Amino acid sequence: MRYAILLLDAPYTSQAAHSALRFTRALLAGGHVVDGVFFYHDGVHNAARLAAPPQDEPHLVDAWAELGREHAVPLQVCIAAALRRGLLDEKEAARHGKQGFSVEPPFELTGLGQLVDLGLRCDRLITFGP
Amino acid sequence: MRYAILLLDAPYTSQAAHSALRFTRALLAGGHVVDGVFFYHDGVHNAARLAAPPQDEPHLVDAWAELGREHAVPLQVCIAAALRRGLLDEKEAARHGKQGFSVEPPFELTGLGQLVDLGLRCDRLITFGP
Amino acid sequence: MLLHTLNRSPRSPVLDQVLAAMGPEDRLLLIEDAVIGALPAHQGRFESVTGRVYALHEDLASRGLLALCDEAVRVVDIAGFVALTEECERTVSWY
Amino acid sequence: MLLHTLNRSPRSPVLDQVLAAMGPEDRLLLIEDAVIGALPAHQGRFESVTGRVYALHEDLASRGLLALCDEAVRVVDIAGFVALTEECERTVSWY
Amino acid sequence: MQDETPPADLLVILRHAPHGSSWLKEGLDVALVAAAFDRRVTLLFMGEGITALLEGQQAGPLGQKGTAATLAMLEMYDIDSLLVEERGMDELGLTSEQLMLPVRRVADAEIPGLLADHALVLNF
Amino acid sequence: MQDETPPADLLVILRHAPHGSSWLKEGLDVALVAAAFDRRVTLLFMGEGITALLEGQQAGPLGQKGTAATLAMLEMYDIDSLLVEERGMDELGLTSEQLMLPVRRVADAEIPGLLADHALVLNF
């Protein structure tokens, strides 16, 4: 089946990101297609390229990026939720006159319309909240 | 009296940061001394220098920085909580091999011992949670 | 005498925790989402601390709750919040 | 038939919301903090949906709750979670 | 009304009060975007989410906009299916006359059917 | 015991379960730092926070460490005043024998005095 994942909380703050990552890996292992992982609300912090968790804890940002690259799963970050939380890619940083950026590929900033589209296009949308 | 503030949630996600900012301003207006604002848990996101909220919403990061500068209030960010959440100053970014940084003065990364010290040294510690 | 602040709705189990922790003189200040607790329908939840419940004016006003606030709840503004923290020896926040 | 997931403790008012929203065939999967609801002491809260309550094995195990889990609760691992989402037409998450 | 027209595409459940968190705003944003893309949207207000509909809301003391202005725009987006959980109304002690928009009260028993009838259900 | 020694400096209230959020870990971190600075610390486990003390906890499936190892170190930090809310124990249906560390059960009526007796109270 075609699945989409909606993730609504940051790593380390709650377990939501850990659950979502494991579930997504299990989908792929089970032969399903994952059309996208959409990061909304505090879920946008999963794209924080500067995250430096302790070495003995799982690195969620890197794990999502690896999953996205290896399985060609789009990692879509709500741009409105991201900007107010300090998550900008190079383009948005330039547009807002900020030096430096905090989001990089394979994460992509995108609009909320993508979430609606994913939800209606896929067979299943599974949400992980805080 | 001498006050300390402990802030535990990010701006925009909950109202905690707004309440803490208003309360701190009211303390200063009332002639109290604020020995420090300590940012812990998701409160560390108040130091996100890349935050770009909509023009018609209050800019909490800038508001804290202005309060810190104008009233010489230390803005202390728990370093352990910050690193795992992608909030690094220039020094920590270099130490972790990251290009770019997400925290700048007047916010300062510091240890949790500062929170205990503030709490026991001041007459009052007021916490704002999510 | 301690001040307790609460920012969760009266349906939250956190309200049970703060009520258990309040001494006979302690005061309770409702802020943020907790000001919904100032509605008359919720006053039964605050029976054990009646007369010692405060609510933040600005948070009632922004939510359209100012006119609906029960008369047993004392309304204070942010300066009143500061005054409560001065009068009470310590403030414990419940969230 | 829908699958509902819950990640909050059984003392949370969110449990009332999910119970109100469950149809007669719907299933409930407890994950994260919600697996505390698998304790025998909490089974009264799940009376209306007995036999349709699942709990995630990994979350029970990490919390030391595996051996304490009520026998009315069906334990599934992450692959079982995936299977539930396949069988149910839609999944609604409560948090 | 609801019963005579085909079910909408998207059910957005709003369970959080205004001002206290961004959940309500972010849930409404999804509804508005879906409506702008010509999707039919139903809103269900549960629990404290019902207070989003109270008359007389204002900006917050730092100028936070809140969500009342967004709710007032729903009609422009052709979002006119506003449901409120009857039990939540009773627990808050509120009546429909105290709300800023016309709503339909739904009993607990109707809620499972609502969830089953929408192609997509998002919970905020 | 508790009653015969002078009150500790810091009361840390732990109300959250392990693994589900970082609250428990971050609350314990404050307690450990305070103890390392020679402050006397009392821990009060309330509600689901009590499950932090359950025997047999493991790492999470992604290798998340959890907090059981930290709790096992408390004695090294001279944090030996571990209190659990009696009502919370009853609601969970747990007995002291199921916990990994010796604790003192406190009745609701004792909790206000605990808060009043500590110079600093932090709630997690």
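By written order: A, B, C, D, E and F. Residues from 1 in each chain.
The criterion applied here is as follows: contacts are C-beta pairs under 8 Å (C-beta built on N, C-alpha and C of every residue); 3 or more make two chains touch, one makes a residue touch a chain.
Computed from a prediction, not measured in an experiment: that's the story for all the values here.
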item: Minimum number of chain-to-chain touching steps separating chain A from chain D; value: 1
item: Highest-count interface - the chain pair sharing the most C-beta contacts; value: A-B
item: Reference chain E; chain at largest CA-centroid distance; value: F
item: Most distant chain from chain D, judged by the mean position of its C-alpha atoms; value: B
item: Chain centre separation in whole Å, for chain F relative to chain C (CA means); value: 26
item: For chain E paired with chain F, centre-to-centre distance based on mean C-alpha positions, whole Å; value: 40
item: Gap in Å, rounded to a whole number, between the CA centres of chain F and chain A; value: 34
item: Distance between chain centroids, defined by C-alpha means - chain B, chain D (Å); value: 38
item: Shared-contact residues (touching 2 or more other chains) in chain F; value: 19-22, 47, 60-61, 64, 120, 123
item: For chain B, residues that touch 2 or more chains besides their own; value: 12-15, 22, 41, 57, 125, 127, 129-130
item: Of all residues in chain C, the ones touching two or more other chains; value: 7, 9, 11, 13, 32-33, 58-59, 78, 90, 92-95
item: Pairs of chains, among all present, that meet the touch criterion; value: A-B, A-D, A-E, A-F, B-C, B-E, B-F, C-D, C-E, C-F, D-E, D-F
item: Interface residues, chain F side, partner chain A - complex; value: 19-22, 60-65
item: In the complex, chain B residues that touch chain A; value: 10-13, 41-42, 45, 48-54, 57, 61, 83-88, 92-93, 96, 98, 100-102
item: Of chain B, residues touching chain F in the complex; value: 6, 40-41, 80-81, 111-113, 115-117, 119-120, 125, 127, 129
item: Chain D partner contacts - residues on chain A that touch it in the complex; value: 1, 3, 8, 14-16, 19, 22-23, 26-27, 29-30, 32, 124-130
item: Of chain C, residues touching chain D in the complex; value: 9, 11-13
